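What follows are several structures.
Paired with chain B in one complex and with chain C in the other, chain A is shared by the two complexes that follow.
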Partner chain A sequence: MVDVGMTLEMVQASQLGMKALGAGLAVGLTGIGAGVAEMAIGSAAVGATAENRDVFGLVLLLTVIPETIVIFGLVVALLLLF
Partner chain B sequence: MAGISSSGLATNYIYACTRMRVRRSLLIPREDYLRMLNMSLPEITRFIGETNYRSEIDELGTSFSGINLVEEALSWNLAKEYQSILGLVPGELKYFTASYLRRWDIQNVVTILRGKMQGMRPGKIKEVLVPAGRLDKVALDRLLTEDSPERVVEALKGERFYPILETELPRAIETGSFAHLENELYKSYYARLILDATEGVKGGKIFLKYIELEIDTRNIQNLFRLRAGHVREDVRELMIPGGSFSVEELQRLSGLEDRDEFIDALKRQVRAAPLLNTLEAIRGKSVLHEIEVALTRVQLDQMERMSKRYPFSILPILVYLEEKKYEVANLRALARGKEADLPGERLQGYLVM
Partner chain C sequence: MLRPEQMRRLLIAVPKGEIDTVIRVLYRYNVYHIEDFVPESESLEALSIGHPLPGASDAASALIKVRAIENACGINPDNVEVREKIPAPKVREMIRTDLPAIQKRVEDLVATRSRLEARQKEHEQRARELEPFTALPLDLELYRGYTRFTVFTGHIAHDVSIDVPHEKYFSDRVDGNMIAVVVQNEHREQVERTLLDAGFQVIPVPEETGAPADRLKAHADEIQRTAAELTAINEEIAEVRDRHTDLLVACDELLTADVERAEAPLRFATTEETFITEGWVPGDQADRIREALEKATNGRIYIGELDIEDDARVPVEYENPSFASPTQVLMDIYARPRYSEIDPTLMVAIVFPIFFGLILGDVGYGAILLALSLGLRKFLKGDEGRMLLKVLSYASISSIVFGILYSEFFGAALPWPALIFSRHLNIGVAAGGHGPQVAELMVLAIWIGILHITLGRILGMVNARKFHHGKHATKAAIANAGWLGTMWGIIIMIWAFYAIPLMPDLTGLPVVVMGLNVAAVAGAVLLVAGILAIAQENPLELVELPSIISHVLSYARLVAVGLSSVAIAMVINFIAIGMMIQPQLEAITPVGVIIIIFGILVLFMGHALNTALGLLGGGLHSIRLHYVEFFTKFYKGGGKKYNPFGMKSKFTEE
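This part shows the complex of A and B:
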């Protein structure tokens, strides 16, 4: 990417762009991962709740557990940007 | 990852199978059966009125009493449960579930034919019907209004099993026994199940595993029954083809005189360890119903194990349907037994727990 014809400003701008891209990927991909994981858990949770309402609180907790992956992604993104 | 590969379809499977597992966990446990063995009929009625059968017991409490209330409530609950499952299972699972539930059509039609033959009142026949199959309450009511067995069969034109009914009915009426007709209907039912499983619908292979297990268990049970009845003639007509034993093999097995030799020969053909253990345990049992219960139990356990190997398939649903069927049968046996003043120890031998 960096060739001799580039100015310092150009290099800095490019690095900033790469960081933003990395941060975006970190949040985006973990979001997709969490979604996939929650798909199966969510359908099982809805099934279990349909039969027994008492488990709603518990299955809600189980459903959002994969969200932790997104939080990791978010932390990585923030570390990259700031 | 089952979830990604089939674009959301698998989530339906997960949903339906989870519901079945939850329902299965709400079935009456062994300890409760043991407690019920020491109860009287009104106590049993009250006990099941506090479980899943509450709405039926409440609803029917005004029109029936005693044993009839229990019987009716159980049949209603079973039919309602099966229809609700048919409503909630998705796509291919619905296809297989409906296919499995056709068994009840056969039972209902044969019951109606027998009732008509005996000249029973339609209301009386209706009490023992379980509208869980394709023929719903309305269709069964229509059949009940017909006056003779011939008219009942005529009204079933267009159903899958009509050709068999048509050819077998004259013989059944002539001999006064519907046994042969019933055998043929069930054989065609199993043949049709195999056809449904093998015609390429997704998940059919897993369904086929269940069908084979079911046919094998039925055949082995029938062999034991025939031995108990000292039937040594040609049993080929009584066996269901399509299982892991060929009909010829079953005929050979039924020809063995010595009971131990028969069990040994059977054991050589069987690979599943739990069934082998049960066959070994059966060696010490001489009462037929105990043998049947042991074989049914091992079939249910085997299905349960298979359903864990294929957690999101037709199997968890079938496991629940079968276990529910036996729960109703158990409660009916308990209620009937208590009505007849049978001792608890004797009744226990008839329960599939």
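This part shows the complex of A and C:
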């Protein structure tokens, strides 16, 4: 589709903008997802650690499991941008 | 190395008369881990828990006194530098002669201090109660003592008009305003309603006389005087602390040893005539302690060696080369290895700093963290803290090395181009450069992930033999091989379809069936075989299959977290130097100087923040890759800590 007054440069620039927008969404939305997931785990983890310090290693592990989501988002964003 | 220290299980039986000697020898050698005797219903009736040695309660009560003094003076023996070792007999002498006097003095001081603190609190409370009344021009005795009148005093939202005969004072000089109303008793309820409508809150009148302002000043003076006295008392306590710390920590150590020795029989089994104890000794120490015991008791002792039946009961002591031993603290956070399994401390000690460097590869940040870890060593006296700092110093050295390779210094480039892959983003001043090699870095991170997980699975096959017996051991080992096969099957199939930089390109191989080439078929076979191998142990495990992909991709964080740290550093540089400092330097004006100073502030604050973020990101993500992606493949943990009976004396010598 060729719109009146749209040059090739403008199309390219807008494509670049869309890429940046996509990258931002990828990081932002996955960040929210990881945050929501870690919220419940984190509070339970702190409670468990207060009861028994020995479980610290285990609950740290459980807390960081959802973090993978946001790392994937970051990877997707970097691949989009470069 | 890769294995906890070998342990031997000893059974010692001695006549009751020799118990003192035996405990003394065991305590001095500090290698015997006592297995506490737990009387069970089915055990021989003749066996029961021993009684403490005579003198236990005296030593315990003396220890409580010493601890109380230490507590009052704020002494923590863990944080006290050793100046000289005091001979034990001298300490015992001093416990008899000097300690009572010190105790009395400290008790007096602490009592005085708490009395003063209570008095200070009381005056502060009174002053707080008085404060609202300073707003009104009435003496305090005028508020009370009436029989026919009612007095309302309190906070109120706004001034009110009262339509019965009354006397009223209002002031908005204090927070929440202040009102005092005097009315005849018969109008009381009506006025109270009017006041409550205006948000009235009662404040009781303090039981004092005179002008509120004068009383307030009197209390303030009293508070000041008490504070001065408190300072003096605290100085005296500090003086006591400075003078007697060495003695107190020596007493603490000696008495703790006495108590532990005297209470040791509580962990032994006894019969009418003998004590029996079971415990663990490192393999190379067993003969030494056996000889020492036999010599000390003139042979009136039986020492037998038992077989190790259950590896969960064996206390675990690490055995690592000295450069790896600080990493044990990272292992202990997760779980100490079981006695029979592989101890991965050495691998963590090597790989953790590499991961940290990959993430935070920057000469500047690395140098700051190195200086920090070396500088804090003086202030941190606990063992664990020091070990963590050692780990951090190795990690920051690795960070500096990777900084040289990446050519990064606080986000800016060093005079040479990146020696491996560039992470320089096109932000601000650096715009127009080569740009980061994100794809290559990402592939590198995936490679690291593939290799790390492969290593983990191979260790898992080795460990399977340790955890299970007979048929199940083989099954578990095959399941681990199955996981490995599935992962490599997927990888080879991906290689067969897509050409990825830095990875083998298998797309060009000859096609055999259905448009699939040799590699794709081989990968598919490996994948199916792997899935079958997993299923033969436990089909439920198959739901975990997607974790193969997510675990490998998770290593992408080595690049992603690192790049975000680089981006922050570059943004800080651009804002501070590119936008604030440089334009002003071209033509210096008075306002420009202020902007330059502000820019320098932004530069420092920003990089300080990024150092903290880099430490958190680099440290947490590297250790997480170990805990979640690496350890879950082979490591069980849950070993008991080896805690020998005895003590390394720091402040006293026998």
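Everything below uses one rule, namely that the second predicted complex is superposed on the first by the 79 of 82 C-alpha atoms of A that agree within 3 Å, B and C clash if a C-alpha of one lies under 4 Å from a C-alpha of the other, contacts with A are read in each partner's own complex, and residues count from 1 in each chain.
Note that a residue touches a chain if its C-beta (ideal position, glycine included) is under 8 Å from a C-beta of that chain, and two chains touch if they have at least 3 such contacts.
This one's a predicted model, so the numbers in the text were calculated from it and none came from an experiment.
Partners chain B and chain C fit side by side in the overlay (superposition on chain A).
On the chain A superposition, the C-alpha centres give an angle at chain A of 50° between chain B and chain C, rounded to a multiple of 10. Judged by the touch definition given at the top, the superposed model places A:Ile65 against chain C, while chain B stays out of reach.
Of the two partner chains placed around the shared chain by superposition, neither chain B nor chain C is touched by A:Gln15. Judged by the number of chain A residues each one touches, C leads among chain B and chain C. Of the two partner chains placed by superposition, only chain B is touched by A:Val46; chain C is not. By the document's definition of touching, of the two partners only chain B reaches A:Val36; chain C does not. Within the superposed three-chain model, A:Leu79 lies in touch with chain C and out of touch with chain B [touch as defined at top]. By the touch criterion defined above, A:Gly57 reaches chain C but does not reach chain B. In the composite built from the two structures, the nearest CA pair linking chain B and chain C is 5 Å apart. By the touch criterion stated above, chain A contacts chain B in their complex at residues 36, 39-40, 42-44, 46-48, 50-52.
Per the touch definition, chain B reaches chain A in the complex via residues 1-4, 8, 10-12, 14-19, 22-23, 26. Per the touch definition, chain A reaches chain C in the complex via residues 56-58, 60-61, 64-65, 67-68, 71-72, 74-75, 78-79, 81-82.
By the touch criterion stated above, chain C contacts chain A in their complex at residues 333-335, 435-436, 438-439, 442, 550, 553-554, 556-557, 559-561, 563-564, 620, 624, 627-628.
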